[in-house]
Amino acid sequence: MKTGFVGLGKMGLNMVENLLDHGHDVVVYDLSSAQVLQAVQKGAVGASSLKDLADTGLIWMMVPAGAPVDATIDELLPILKAGDIIIDGGNSNYHDTVRRALRVQGAGMHYLDVGTSGGLEGARNGACMMIGGSSEIVDRLDELFRDMCVPGGYGYVGPNGAGHFAKMVHNGVEYGMMQAIGEGFDILESAPFTFDHHAVAGIWSNGSVIRGWLMDLVAAAFEKDGALDYLSGEIADSGEGRWTIDAALDQGVSIPVIANALFRRYRSRSHDNFSDKVVAALRHEFGGHGFTPKS
Amino acid sequence: MKTGFVGLGKMGLNMVENLLDHGHDVVVYDLSSAQVLQAVQKGAVGASSLKDLADTGLIWMMVPAGAPVDATIDELLPILKAGDIIIDGGNSNYHDTVRRALRVQGAGMHYLDVGTSGGLEGARNGACMMIGGSSEIVDRLDELFRDMCVPGGYGYVGPNGAGHFAKMVHNGVEYGMMQAIGEGFDILESAPFTFDHHAVAGIWSNGSVIRGWLMDLVAAAFEKDGALDYLSGEIADSGEGRWTIDAALDQGVSIPVIANALFRRYRSRSHDNFSDKVVAALRHEFGGHGFTPKS
Amino acid sequence: MKTGFVGLGKMGLNMVENLLDHGHDVVVYDLSSAQVLQAVQKGAVGASSLKDLADTGLIWMMVPAGAPVDATIDELLPILKAGDIIIDGGNSNYHDTVRRALRVQGAGMHYLDVGTSGGLEGARNGACMMIGGSSEIVDRLDELFRDMCVPGGYGYVGPNGAGHFAKMVHNGVEYGMMQAIGEGFDILESAPFTFDHHAVAGIWSNGSVIRGWLMDLVAAAFEKDGALDYLSGEIADSGEGRWTIDAALDQGVSIPVIANALFRRYRSRSHDNFSDKVVAALRHEFGGHGFTPKS
Amino acid sequence: MKTGFVGLGKMGLNMVENLLDHGHDVVVYDLSSAQVLQAVQKGAVGASSLKDLADTGLIWMMVPAGAPVDATIDELLPILKAGDIIIDGGNSNYHDTVRRALRVQGAGMHYLDVGTSGGLEGARNGACMMIGGSSEIVDRLDELFRDMCVPGGYGYVGPNGAGHFAKMVHNGVEYGMMQAIGEGFDILESAPFTFDHHAVAGIWSNGSVIRGWLMDLVAAAFEKDGALDYLSGEIADSGEGRWTIDAALDQGVSIPVIANALFRRYRSRSHDNFSDKVVAALRHEFGGHGFTPKS
């Protein structure tokens, strides 16, 4: 299938390579010509502007969430023709997606939101995709999704916005699961027994109730360094966790585990945390308890 | 390998069947002769008392945690001989395991604690086992563990107690992961989109970051009934979650996600929760806010 | 001080009465003439439209957060004159306040946001007020605030929005404190001892570290009924808790306790909770554990 | 009332001074003669051994929880006579208290457990006491409790153990309330407005819903230093929080807020937290996300 692909970051490049493996014609564009060159070396047709992609009639955007998506749509609308398809495969907020879909449809084109999971490995060898939009268009592109995903790993989940909503919730669940795993190894680390984290992660990866890709990745991480001494404990977050909590607040859903997982990430980046200082000061005030002076 | 097997509940029967499949000679005993009969029909040798198992020199206990384990050991010690091996494959508390191991070793026998995961399916077709005790004994029984587990899914993790400790933490992680999954579907359930939970769970099971056995099981549950209307939301808990929190309290480890997962289980079984009533009453007192009268 | 007062709900009426006690001239308006009549009977001057309040040059709005505040400002701007003062004493979202302050100032008038705490009793006998806006205007109205508040219980906290922001955080803290208290009595309720909740709350109200108005109110609630049998455990929430979490999400602040307090409120209103059903179903799938059938 | 007082730490000395103010005869003992001397200078009768206290027939222990309490009882039992009274005013675990009460009663004496709250100021000027034991004995000592406590701030709460149980829960509630307050000021600290924490705490201390002694103490702490720069954010914990969670685990009570408050204390003392490192490593593995290298 002839596809125009915009956005050649780590995820985008891997997805393009996967498409090429499956025999698709891919015309690629990125603000960085170096990234375009990389894709061309893999077999893609390079473009020097979005205009060169218009003929494909099918544009896959894999650009950073937020303003870049709107900017890309701004450029695409005047150069696409009625009936063409724009796909947002990135991590957009579903509210934005609903708004953009209306705009694109108002201009006579189709819009799909595709929440993409599976990490870099999935992008390269078979991802997981939750697709929102018109089910008819999704059916029409079935070959494309089938080639980009593992068997069973994609599907229509609802109208525009539903794809990104499902991806958002997926990431919220991911936050909770990762934090649960982290806590488990923290208990092992300070246990009355000396555990080999790599060995335990390996055992848990095979046959246990908690086996899965995350456990495989933990095993891989511990294989490099059982003490994880190469990194600090500062955990970044990219927005999807916050949006999940926003959605839960809007909908009145109780999500203590997902929320606490995000709050631990915030805490991990807060040194000499002010909340903790207030509590320590309070203890000192009422009980004459000592405190740890600032170092 | 000739093995005496005590405890033919759902897990035990499945494990015996798996052992028989792999050509082991299994002599089985259970307080319920009906259970013994079931195992005999699969090819095991039935026993009418623990004494009939003594000759095997290797006793695998799969009995409920707590008093039944001690009672079984009470009976076994006088009838076993020095060098024989007792294995506790159940969900014992690791403190009990440490105590029992000392007792068994004091009587001249060996003791292994084997934390077993993988559910009924794993017990039947290949489980996951975290093994505590003497690594020499573990090596000697390698064939047994290899036949009972999936490849890579077992291993020595430390001295006596470490196997059950690792299993306890495994279950704590499981609590957190299950709660994260539950919260995710709760958000989907009340979302501004109408999701087909079975379809989403299926997609997430293939290629996503959160894929794994738990997600497969969610998909299986939703296949039966996408609204889960056949059950109530009361969640039982079997002790391992509490022990995980106990351990974290002892060790000074911060585990908000695992603890909140257990607390949600407690909450699920508390109707007309008293804490909630106190808060509702407080709101009424200070603000003159209305309240929902007791129905 | 001559004051126009809009909004005669429970809080508003009590505040008007307090102002009258302190010798202020209060012209009152409410959409409900019955409410106006009530205030008139206490000594206020009744108005049949907002226009009758314009002469006071000082308008105190005590109307429900959201559209009613904007609607009131819509009506006020054309009838007020440059230099007049509009005060929003309600529970507005601080984002709205910032927007409204700019609008009011653009029209030549002053705007203060006054976060008001202390419940109905405080409104009547002395409240607590966090004031945002111009400190000069706050100083000019010092007599008004002094008469409406307990000694020490009011003050300028920053530019427009800061007053409502501080009130929002106050309510977030309140959520956490109330939940902590609720949990404490829940532990007492199921303790191995039989506690008289009213007696305990009374003791804790006098001399303990956790004494304060909330504990006084708990004691008052238990005085009516030690089992709180007159109400159900459904806890409402009015928005300020959600906004507090929104702010923390925006600012990257870790607030597990405030967030969990809100999530427990959500949970209290969710019967046959879907998240809990998913977890119960999962347990059944992997372990063959039984479940509680839907009643 | 003639009273023997054992344990002259910060709390004990203040309580003795308070007793002396109220005209009680107090014979004091402490392992440190320097502490005895301090009490003597206030008007107490100094003792060089526990034997000198036996004649009072009423012994108030204010010694560290755990072994020191048992050691003191060991010494007291042989030198007291039937009908004498031993009071444990410290922070003992209620399980220990139940055991000790049986022992003391077996020796013919009475035992009261008195959970004492109110900090150093309360100990000096009027504390709060939750009393477990025989209500008859509590009545007999009413004068003593009345003089040591603020009006309304003491009372019989149940049989032996109930006093310390109530104090334990009090401290659990205290953890939750302190954490809620800490989180509130953390949101203010990073708010889009610049708040004067001391000013806000002062306002909240007067007339607000969340007013109380803890808020007074926060105001006092911020008066010294609005940035709390004199201390680090490491928060100690003394055991009562853990016991509260233990009790909730035993009783099946859902206490997310109290538990999260303790977990934040644990986290505050964990530098380069292992759980956080695992999560950061996981992010890196699946997404190729960068990480913060160990500094």
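Per-chain residue numbering starts at 1, and chain names A, B, C and D are given in the order in which the chains are listed.
Here is the rule we go by: a residue touches a chain if its C-beta (ideal position, glycine included) is under 8 Å from a C-beta of that chain, and two chains touch if they have at least 3 such contacts.
What you are looking at is a predicted structure, and each value in this text was computed from that prediction instead of being measured.
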Length of the shortest touching-chain route, subunit A through to subunit C: 1
Identity of the chain that, by mean CA position, is farthest from subunit C: B
Between subunit A and subunit D, centroid-to-centroid distance (C-alpha), Å: 47
Approximate Å spacing (C-alpha centroids) for the pair subunit C, subunit D: 32
Junction residues of subunit A - those touching two or more other chains: 119, 179, 181, 183, 186, 190, 209, 213-214, 252-256, 260, 263-264, 267, 273, 275, 286
Complex contacts: residues of subunit B adjacent to subunit C: 10, 119-121, 178-179, 181-183, 185-186, 189-190, 213-214, 217-218, 220-221, 228-236, 256, 260, 264-265, 267-268, 272-295
Complex contact set, residues of subunit A against subunit C: 209, 242, 245-246, 249, 252-256, 259-260, 262-264, 266-267, 269-270, 273, 275, 286
Subunit D-touching residues of subunit C, taken from the complex the two chains share: 117-119, 122, 126-130, 132, 149-155, 157-159, 161-162, 165-166, 169-170, 172-177, 179-181, 183-184, 186-188, 190-196, 199-200, 202-215, 244, 247-248, 251-258, 260-261, 263-264
